[in-house]
Amino acid sequence: MKKIINHKEDVVEEMLQGMVKAHPEYLKRIDDSNVLVRKDAPIKGKVALVSGGGSGHEPAHGGFVGLGMLDGAAAGEVFTSPTPEQILKGIKAVDGGKGVLLIIKNYSGDVMNFEMAAELAQMEGIEVQQVIVNDDVAVEDSTFTVGRRGIAGTIFVHKIAGAAAEKGMDLDDVKRVAEKTIKNVKSMGMSLTPCVVPGVGKPSCEIGEDEMEIGLGIHGEPGIRKEKIKPAREIANILLSNILEDMKLEKDDEVAVMVNGLGGTPLMELYILNREVDNLLNEKGIKIYKTLVGEYMTSLEMAGASISVLKLDDELKQLLDAKADTPAFRIL
Amino acid sequence: MCNSNILIKIIENMGKNIIENKDYLTELDRVIGDADHGINMSKGFSAVDAKLDEMNGKDWGSILKTVAMTLISTVGGASGPLYGTAFLRASTVVDGKMEIDKEDIINMFEQAVEGIKMRGKSDKGDKTILDALIPAFEALKLAYEEGKDTKTAFKMAEEAALEGVEYTKNIIAKKGRASYLGERSIGHQDPGATSTYIMIKSINEVLEQN
Amino acid sequence: MKKIINHKEDVVEEMLQGMVKAHPEYLKRIDDSNVLVRKDAPIKGKVALVSGGGSGHEPAHGGFVGLGMLDGAAAGEVFTSPTPEQILKGIKAVDGGKGVLLIIKNYSGDVMNFEMAAELAQMEGIEVQQVIVNDDVAVEDSTFTVGRRGIAGTIFVHKIAGAAAEKGMDLDDVKRVAEKTIKNVKSMGMSLTPCVVPGVGKPSCEIGEDEMEIGLGIHGEPGIRKEKIKPAREIANILLSNILEDMKLEKDDEVAVMVNGLGGTPLMELYILNREVDNLLNEKGIKIYKTLVGEYMTSLEMAGASISVLKLDDELKQLLDAKADTPAFRIL
Amino acid sequence: MCNSNILIKIIENMGKNIIENKDYLTELDRVIGDADHGINMSKGFSAVDAKLDEMNGKDWGSILKTVAMTLISTVGGASGPLYGTAFLRASTVVDGKMEIDKEDIINMFEQAVEGIKMRGKSDKGDKTILDALIPAFEALKLAYEEGKDTKTAFKMAEEAALEGVEYTKNIIAKKGRASYLGERSIGHQDPGATSTYIMIKSINEVLEQN
């Protein structure tokens, strides 16, 4: 296991310190916690947004704390949800009297820990609502199961709900646009190499020398299938076909696209993948309103990428374009 | 019948066994989850261990509540809130009691089951903790109804839990991370059911010695 | 060789297409060239900045084209300088009548190709000046050789010279601040794994399973030495010691720090490394005015990082803080 | 003495040999550079090959200029401007000539050397192209001074170039990427000197056949 770390037990603590040291103009850390909040939190009279989850997905979520996005992010151990206590600290630190929206990725651990935090916060008189992001079309959507995972599409929820809150919308309205975004965003990923959780020391899964894994999760959870590695064009086609099958887009619909690197894949390859995504959507007559290419929701050093497509309407477009100023996402 | 001293011994033994099985539980989770169940549980019970001293002389309710809050506030992941809720709900029915009886045992167990069902929105057959815990609870209740003593009743609960663990190999996961695998979760043993079995076995080991 | 690409011969072409498709609001491509320029180029009355070099260092340099940074970037083949013809196209496309400054990384190939382009541009009546970035302290500084390589410190030159040009400084002044920046910036890198040039298909170098390479170049050029992999703290110490030895910083001097990922190293590790850099500089009483952590100058999928330290004065601080809006670098 | 037809044959043969040695040159560059010298040179000469037809019937100066501009505008990297400048400077002394003589040959060679020195700010002993090219030029000039014929003179130039290539193994690189290695560049053969040797050898092969 080759990593630039000190002790494997300390990675989250030291990473959080490194983040605050890097971005003191954006972030402050709540004492005795793994919670990062906006430098200017709490902001009186603004709905506050709290997200978080396991670590190892950087810049998610601490990198999206700042103007026009999150007010706070709670970081768990690597790939492990933060505890209710931690999340509660985040909620209390950012509450500006207008209520708090929790943006949760759909994993049993995250959902339960955030729900418990919400219950505790409500007991302390803070108004808390939650939305659960479930954009990963690699997982079958079924009401008998926990349903789909939340992956990179979550960043669109941060951005759009964050802009809504910054604009002064109330909690119900912020929740409404967050839910609209969740309904409209679908994602799917693939990987070329596994990742190694520092505390585990072994690769999360095995992928052969000439193989790729389609549809795997951002914690190295197995995907839909392994297959022989294919050209970028076909990779884009596999992922997009699954996404579009689920979205029922029509000609002239407008979308935002995210080509997200999982950590080990260089930007060159992400741009090549974006070319293919763009070509495929163009062929179908779908209009690309905005594109994001880069690392937004990673899985440690895993090589691979995910594609997210968000269907837009005028309200979402306006919120997507709104000013944002965070360590990892800025719009002037 | 049972004083709260024995509870502390049980908690201590649970911790010991969970920590001993850290790698085993993690490996089970690596196959159908995210390779951390042993890590999560050991972390929780190490924190619980550090509080054993302060539990000394406390009532059943307080001790269980301390265990619950410690698990909830250290584990993270799915197992933290689930086991935490189980202990928390169990604590409510033995609040202030220094001694408990069969009735209390059944009530605690029942509350634990209900707590996990509520928190996890899950039930028997979902390939989770509940596939060990519910059969264990049912076996325990039946044993008591049949007039068995506590040691025997828990022996039967342990057997039922183990059967439940075996059963998880044959079913599809509907809750937790393993559910993302769909059909491919069949053939693999559930880590959470396994840790539940280990915890029930830990109760028995203490009962045997007393 | 596992990469998300189509044909290895097409990576540069397809990457450039993918970049322009991703950032149409920032970039346009000059016909029949691998040159990306600002959407609004040429800007009349402003000194224009052109940089470039081999591909495989993304987001460098196309990602830094935009307001407050570069006007144009010429992309060569992977790790190969662009040709004079290409660079000339860039110069002509961005010249706004106030002259053009070339920002060149110090590699024989880059220097010669850019110099030839400058000669050709001057023959066409365009005023061209150049600066050569040589921040890599891993290489001995000698007047008998070509001297030091240019690596990630180059981004500070783009930022500061770009801000100077945007502010309306004339060519001599822009060149002066660029040279001041070059004089004040030192960098050094290390790597855990090699990279694979698509056209070559073999790793650029061999690094053992428990080894790291200290001081290697961004094209996989061998470094100073291989050693057993060390904790982040010692890695920071090795790189910083070499940098500081060369800088003669004094207590209370102010610096900007860049912790730059080489492509395969996740942000978590970069933040951990930043924590160590920050601690070490604090111990020495050096003040950190600004920190950048992320991928700025990569080497394909190489795992590793470089550290750059830029000594600041009031002028450099002001230019560093100035507004910038490019695909890969934004300051509000 | 030599008409421009032979030059086209020489250029063609240079391309053939460079492309045949693509992997060899790249491998040399992998050890002390960035593993692309063969790729760069092949790319350049493939582009030159595509222009052979249009060179037909042109004068020496035009042909050399076409080669120069093609190398400059396709290679990138250090070798592009260096060889490009060499051919460009050589072209200036035979502008408009359909036939050339010994004097012209010496002038062209000299210009090539000077061009590379100027462009590369380099000289003999830096472990570059010049360590093959300068000895070759000196041998050629000497041979002519001693009254040798062109074939013999080029034979001697080729031998000197090969010795120069061998010599690069013993010295530290002071220019180009290999210079970053300092002492560690010793023991390795310079790719650029090697491609120069291949090009001179290519001249000889054509002279032999004519």
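When the chains are written out, they are named A, B, C and D in that same order, and each has its own residue count from 1.
The rule is short, and it goes like this: a contact is a pair of C-beta atoms (placed from the backbone, for glycine too) under 8 Å apart; a residue touches a chain by one contact, two chains touch by 3 or more.
Small disclaimer: the values here were computed from a predicted structure and weren't measured.
Trainee: Provide the labels of all chains in contact with subunit B and in contact with subunit D.
Mentor: Touches both subunit B and subunit D: nothing.
Trainee: Can you name the chain that lies farthest from subunit C, using the mean of each chain's Cα atoms as its centre?
Mentor: The most distant chain relative to subunit C turns out to be B.
Trainee: Between subunit A and subunit B, what is the gap in Å from one C-alpha centre to the other?
Mentor: Taking the average C-alpha coordinate of subunit A and of subunit B, the gap between them is 32 Å.
Trainee: Report the inter-centroid distance (CA atoms only) between subunit B and subunit C in whole Å.
Mentor: About 56 Å separates the centre of subunit B from that of subunit C.
Trainee: Report the inter-chain centroid distance for subunit A and subunit C in whole angstrom, where each centroid is the mean of the CA atoms.
Mentor: Taking the average C-alpha coordinate of subunit A and of subunit C, the gap between them is 29 Å.
Trainee: Out of subunit B, which residues touch more than one other chain, so two or more?
Mentor: None at all.
Trainee: Any chance you could list the residues of subunit C touching two or more other chains?
Mentor: Answer for subunit C, listing residues that touch two or more other chains: there are none.
Trainee: Hey, which residues of subunit A end up touching subunit B in the complex?
Mentor: It is residues 54, 76-77, 79-86, 107-109, 112-113, 115-116, 138-140, 144-146, 149, 197, 199-200, 202, 204, 217, 219-222 of subunit A that touch subunit B.
Trainee: So in the complex, the part of subunit D that touches subunit C is made up of which residues?
Mentor: 26, 30, 33-36, 39-40, 43, 72-82, 84-85, 119-120, 173-177, 179-182, 184
Trainee: Can you list the residues on subunit C that touch subunit A in the complex?
Mentor: Touching subunit A: residues 2-7, 11, 14-19, 21-23, 55-56, 58-59, 63, 192-193, 209-210, 212, 229, 231-233, 235, 259, 263-276, 278, 288, 291-293, 295, 298, 300-301, 303-305, 323, 325, 330-332 of subunit C.
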